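Taking it in order: structure first as structure tokens, then the write-up.
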Amino acid sequence: MCSVVGIYGNENASKLAYYALFAMQHRGQEAAGISSSDGEHIKTVKDRGLVTQIFKEDHFKILKGNMAIGHTRYSTAGDDSILDAQPVFARYGLGEISIVHNGNLVNAKEIRDELIKIGAIFQTNMDTENLIHLIAKNYEKKRLKDRIIDAVKKIKGAFSLVILSRSKMFVIRDPFGFRPLSLGKLKSGGYIVASETCAFELVGAEFVRDVKPGEMIIFENDEIKSEMIFEPTPKQCIFEYIYFARPDSNVFGKNVYSVRKQMGRELARELPVEADMVVPVPDSGVAAALGYAQESGIPFEMAIMRNHYVGRTFIEPTQEIRDLKVKMKLSPIKHKIEGKRLVVIDDSIVRGTTSKRIVRMLKEAGAKEVHMRIASPATIGPCYYGVDTPTKEELIASRLSTEEIAKYIEADSLAYLSIDSIVKAIKDKKDNYCFACFDDNYPIL
Amino acid sequence: MCSVVGIYGNENASKLAYYALFAMQHRGQEAAGISSSDGEHIKTVKDRGLVTQIFKEDHFKILKGNMAIGHTRYSTAGDDSILDAQPVFARYGLGEISIVHNGNLVNAKEIRDELIKIGAIFQTNMDTENLIHLIAKNYEKKRLKDRIIDAVKKIKGAFSLVILSRSKMFVIRDPFGFRPLSLGKLKSGGYIVASETCAFELVGAEFVRDVKPGEMIIFENDEIKSEMIFEPTPKQCIFEYIYFARPDSNVFGKNVYSVRKQMGRELARELPVEADMVVPVPDSGVAAALGYAQESGIPFEMAIMRNHYVGRTFIEPTQEIRDLKVKMKLSPIKHKIEGKRLVVIDDSIVRGTTSKRIVRMLKEAGAKEVHMRIASPATIGPCYYGVDTPTKEELIASRLSTEEIAKYIEADSLAYLSIDSIVKAIKDKKDNYCFACFDDNYPIL
Amino acid sequence: MCSVVGIYGNENASKLAYYALFAMQHRGQEAAGISSSDGEHIKTVKDRGLVTQIFKEDHFKILKGNMAIGHTRYSTAGDDSILDAQPVFARYGLGEISIVHNGNLVNAKEIRDELIKIGAIFQTNMDTENLIHLIAKNYEKKRLKDRIIDAVKKIKGAFSLVILSRSKMFVIRDPFGFRPLSLGKLKSGGYIVASETCAFELVGAEFVRDVKPGEMIIFENDEIKSEMIFEPTPKQCIFEYIYFARPDSNVFGKNVYSVRKQMGRELARELPVEADMVVPVPDSGVAAALGYAQESGIPFEMAIMRNHYVGRTFIEPTQEIRDLKVKMKLSPIKHKIEGKRLVVIDDSIVRGTTSKRIVRMLKEAGAKEVHMRIASPATIGPCYYGVDTPTKEELIASRLSTEEIAKYIEADSLAYLSIDSIVKAIKDKKDNYCFACFDDNYPIL
Amino acid sequence: MCSVVGIYGNENASKLAYYALFAMQHRGQEAAGISSSDGEHIKTVKDRGLVTQIFKEDHFKILKGNMAIGHTRYSTAGDDSILDAQPVFARYGLGEISIVHNGNLVNAKEIRDELIKIGAIFQTNMDTENLIHLIAKNYEKKRLKDRIIDAVKKIKGAFSLVILSRSKMFVIRDPFGFRPLSLGKLKSGGYIVASETCAFELVGAEFVRDVKPGEMIIFENDEIKSEMIFEPTPKQCIFEYIYFARPDSNVFGKNVYSVRKQMGRELARELPVEADMVVPVPDSGVAAALGYAQESGIPFEMAIMRNHYVGRTFIEPTQEIRDLKVKMKLSPIKHKIEGKRLVVIDDSIVRGTTSKRIVRMLKEAGAKEVHMRIASPATIGPCYYGVDTPTKEELIASRLSTEEIAKYIEADSLAYLSIDSIVKAIKDKKDNYCFACFDDNYPIL
């Protein structure tokens, strides 16, 4: 996934970017970075690790200036990437530039190949590098703004971008608006744009509005200008609601927690089951489970706990300790579960292995019946727009029927929420959203 | 607080102790340690830090043998203690010994002074050292068991102890049974004793029974013997239910989550309020809030989120970022809260500063009214039995009336659960429990 | 400074590169990295820190293949560079490429500006990036070899290069041969090229010959081919003999230790002084001091020690601890020094502050006279060919006469070795060497 | 080995202790610690690691007061010890006490057993604990001084002790004076005692005199009093001269470097050999080699280099890299060595494996002949007085004759310095020194 942030017009720009990234850490734990400009030079600090691990007080003496952009990076497969981190900075024809990107380009390889053909070099695996090249190559155009527009017109896919020059900041959201991006006003002066509004709370910002699909916002001379540079054709990622965004964020104009709860209600209506209690898989299943419980009248119980100390252990378990990874993260409240029929709510099933382990754990804890209710449709395809789903083959629902999956995960029953019910829950036109990983209907390829 | 564990009769004793300590990490994050015996020697590894940070695979080559004991240590004030960690190991007249202790002795100073008078030295601030001295000094007695009994008869206060010799393991709970201690049977062979039953789940153990107040259990020659060495006068710590223990543990014979939920129900009965939603302060307030909601019929909402990445940042906040520490841990779901009247449920109020910040945060998020309902009585005194409460002066309820506290924390109303209601919730004799920090009725001083 | 290494035709290529870099750690302690190719892909691991800190056993599972190149990086001023490390890897028109570079280009800015004008982007401050661009842009040429030749013909300055493609390795030394570069044969199979021959010892290689100024060596299909791509005009860096190279290395055809000793002899002849003992400033002054002592007949004494635990301390010294940094590194043997007249030999004087502190330390230790003899001429200008000397203004000899410097550093006398004497010591034509930082006669600008 | 330091009467006591320990780091790299007293309480910070790694600026806020003691600990075998570090602190009958100890007690076990019999407990493996017990048990005596005297009269062996109470500091050296201990006066006020005088230089202290064998010095009320508490029977460790102490230290009244050089001279007289150059094994062989060269007239050459970056690597070497450990530390200057007959000087031979590797390395580098000359007699027995020599069986000279060892290490000849020559070199009565590990004549057992 990843998250991006941009701060304009605040003397503590890089510190505010830091706190915003901390708030968006759930969107990427592998690497993080910040670039800032003091009007003369852009400086960058980035590294692997969590936001709180990377930055030290001293870094903020380097990261001077009243403009800053930042990024948290989601871990993706491939050793190639161990050095990749954003922002990507470069010196080029118009001076200095630094870019952060949340999303994924579907024509990255084509662009890369074409650029390579005319002599470009690529030092990373990040799409962001394509963009800088496109901007840099366009040397006939003398204004950065024009170059950016030309560049983003060449790329296809999902992009929520923040671009920093020495004196300006540009914010662009692709015409589909796959990834969220919101604009806020800082109480201490200046503006913030961020992938999720949860970043606004910590830094003291008021939500202004979402950046529109297809919009470019330019921050320059203490002013803010907007321009529609694409015809908007919204296909906002439904999976942001289902899983990715933080419940306290407002995404695509709606609050994530409320949408999830509503999806839980629809789940109860569409897929009722007789049971003694509704139990969420925390934390992703909590809001939907609350909705399910309220709608069905079946009592809600936090009968599975999420460990506060989730984290890596390098101690090899003994033979006897089965399903260690899940058990170190989730613990059933046996006393509540024993002899009970449970409706267990989770956000989605990917490979099925975790669900299988959860069901097994609940059965071992004495559950009489375990009915899995998933607050999303069966995931049948990968995402090409910035979510790191596994390949089609690894997705259990691409190979097995719901019944077969139920059997595989050893649940007494299993049901997925339909796309229609999701549409009801979001109270918006279906067309405005991407459901591709669920319905194979990819907006752009 | 702290936690203790003992494993007997399993070839992976130290690894099982490790996983048990991981499960009990919430009882102490400052330091941890394990001692094991292979019949000939006792080895110890201990350090400051979290369980997963301290131990490396190599340590388990040192920690050989089929008996092990372990400890996690709660951070207490005073720089003196920066080197303190348990187990405390010693060579003495009968060979080698290692001890872990959860609790606090009220006559530690007297014993220490007396021992010092006759020439003892104390290298740490830990009560455990007293005990080893008492055992060691008693050189007329030739059996360790007799020495242990003599020793524990001299100490007063709260003690859940596990004592390891080269070939035996002793488990003792004080006659008041202040701290929990349970016995389990390992599926892979042997026994486990642990402060909380949540440790059993991870290592694959069946709950057998609680160690009784006043009981000593001896593990020797692959056998297990019990002896009542004190007349039991149970005064089990009510605060284990209120805050300390993990919801999935069964403590003093009852499940913590269920007790908390029941306390929430009583809270609703005793202290009703008109409101739009019941909101827990996560995680400590969740179970009680669920009970409150079910009893009152007011909808339950997880409208405050607990950040997954709670942890230390060393970046100094800018002037504008108020209440940073609370905001980095807790985030309000503004959209849910705006214009609403909230009943906010937390487990307890200590100094009042956190509650004040939470109320302020909720008001800033748009809450119309904030009614604090606390699932415990007002904390008016310190604990002398192993819980690290601040001094009487620092406890806000020792200085201010409930009304004054309400004003201080800027809540529209504030109410505490009565002791009577708690007694109802636990469905047991009041007399079996310590309520001293709430009613000033200290069982032993 | 920096060092480079290339390994060709050995199944342990990356490990051998690792050990070679360890041997050349003195040429750069800021960062290090290795790229290897298994014929299909080039992988890179690089980071800030010492060679032994950066690499873990696991990295060598990534760094597969029987070709590898490596680099250690010298710390240079400027925060800009905190992320810079070599090798620089890129994907480009002919596939994948990775380059390491020891030296400095004098026309880097011009090339950069020109490349930028036609749309190139620069993500680092390293000259290496220029090169990759030049190679990549040259898309009309279909052979990498031709592209490399075209590229290196455009750059001016000092370059000892090792270039890795997926299936070949290219080694180039600039026509001046500023920086050393030698070829060796690995006893376990294959070849090594390295900045200094000290790397050969550790990995088990036989010295074959120096790479010639202006030469390109191509490793391909298990063969090794040589081609003179420049007319050689040798201007080998005299400072490698004076200070930089390790005494056990053979550089420009001569052993460094022996040359240094010979310079010491010349120093004694040219600048005799009456004294009781010859004392080197360790380690850089040791070999010259030995020569001085042998020639002058004045006894040699290691009367200043170099601390084994040199390293950073972050504890602020008390007011009383003067000249802490020098004293933590060097300690006088008071007993030897008291009342004695010393000839102190060091390799060079840059800013003068260290020399001042050393003289003061020796006087405090009781030295009667301190005569500084420097085994090089006065450093009057910066180096543009890869040695990180300070600016002209900071060089004390650019501002002050020898007499004034003597006074500044509080020495009883001070004298520098003349260029002529150096030429005598190296027993070679003066013309073959660069003396620019001493005589302002820059071979190329 | 270990080192101790004590600072009295200086407001920066703990910082000065820190720098003194840094200077004595060569006497122990495993662990280090400092205790300080502000008159009311003693605080201690200690940990495993190097002095510069353990201490952070913040620690010196804890380590307040104008008295401090410190220790560096040598690594000894046995996992038992992984938690051991000094100072050892304790609360006891007279208040608080902290002790550091350099040396080894020969009756530690007896004392321990006796103490244990009367009920003492031992939490570490350190002799220091014995001492605190002896002091604490002696509760009839009311003055600490008397207790200390009684205690040290019970212990036998080597002890250079610094004892800190809340208001006094005691310094004691055993009657044999096995380990060095010197008194200095701080220029910034107050006193220092330290194992080696090299510590004085860094902290700005004047050497006053050695603490005498059998002497106790008491620092109290800003005064300093001395008392002979033992009849002195000096048996000072000859190995301090041979290997352990730093060349710039004055030990037992003589400068280490000068003594070593003199031993080198004797070596040349006693064991001449025809050769082309004298080469030290750095750093331990340097001073003796200088003496050997001056006496014999054979030129001295630093033809083996000691790597600056000695340190641990965790990368497994390839099969081809033989003798890696020695080669990562020492490098031959091939060019100097080829075809030459070398006299190689080292301080001592313990197991013989390192010498074997060095000879092999020199032969591989082309040496025609390698004649080992050892500046000490053959080591035939272990040390019981604080030097960590291996067991008798592991000592090669306890099993093989000099000729056999020569063969084993593949040297062309091998010879050891005789005890008589050492006595000549130190220009003192043989009787004042311990030679036990060389002549089996143990002063006390």
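Labels for the chains are A, B, C and D, by order of writing; each one numbers its residues from 1.
Following the convention adopted for this analysis, a residue touches a chain if its C-beta (ideal position, glycine included) is under 8 Å from a C-beta of that chain, and two chains touch if they have at least 3 such contacts.
Note that the structure is predicted; figures quoted are calculated from it, not measured.
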**Message:** Just to confirm, which listed pair, B-D, A-C or A-B, duplicates the contacts seen in C-D for more than half of them?
**Reply:** A-B
**Asked** With chain centres set to the mean of the C-alpha atoms, which chain is at the far end from subunit B?
**Response** C
**Prompt:** Cα centroid separation between subunit A and subunit C, in whole Å?
**Reply:** 47
**Message:** Suppose each chain is reduced to the average of its Cα coordinates; what separation in Å results between subunit B and subunit C?
**Reply:** 60
**Asked** Of all the residues in subunit B, which ones touch at least 2 other chains?
**Response** none
**Request:** Identify every two-chain combination in which the chains touch.
**Result:** A-B, A-C, B-D, C-D
**Message:** Applying the document's contact rule, which stretches of subunit A touch subunit C when the two form their complex?
**Reply:** 43-46, 62, 79-80, 82-83, 88-93, 97, 112, 116-123, 132-133, 136-139
**Asked** Which residues of subunit C touch subunit D in their complex?
**Response** 12, 15-16, 18-19, 22-23, 25-26, 50-52, 55-57, 60, 186-188, 198, 201-204, 246-248, 250, 255, 257-258, 283, 286-287, 290, 294, 299-303, 305, 308-322, 324, 327-328, 331-336, 365
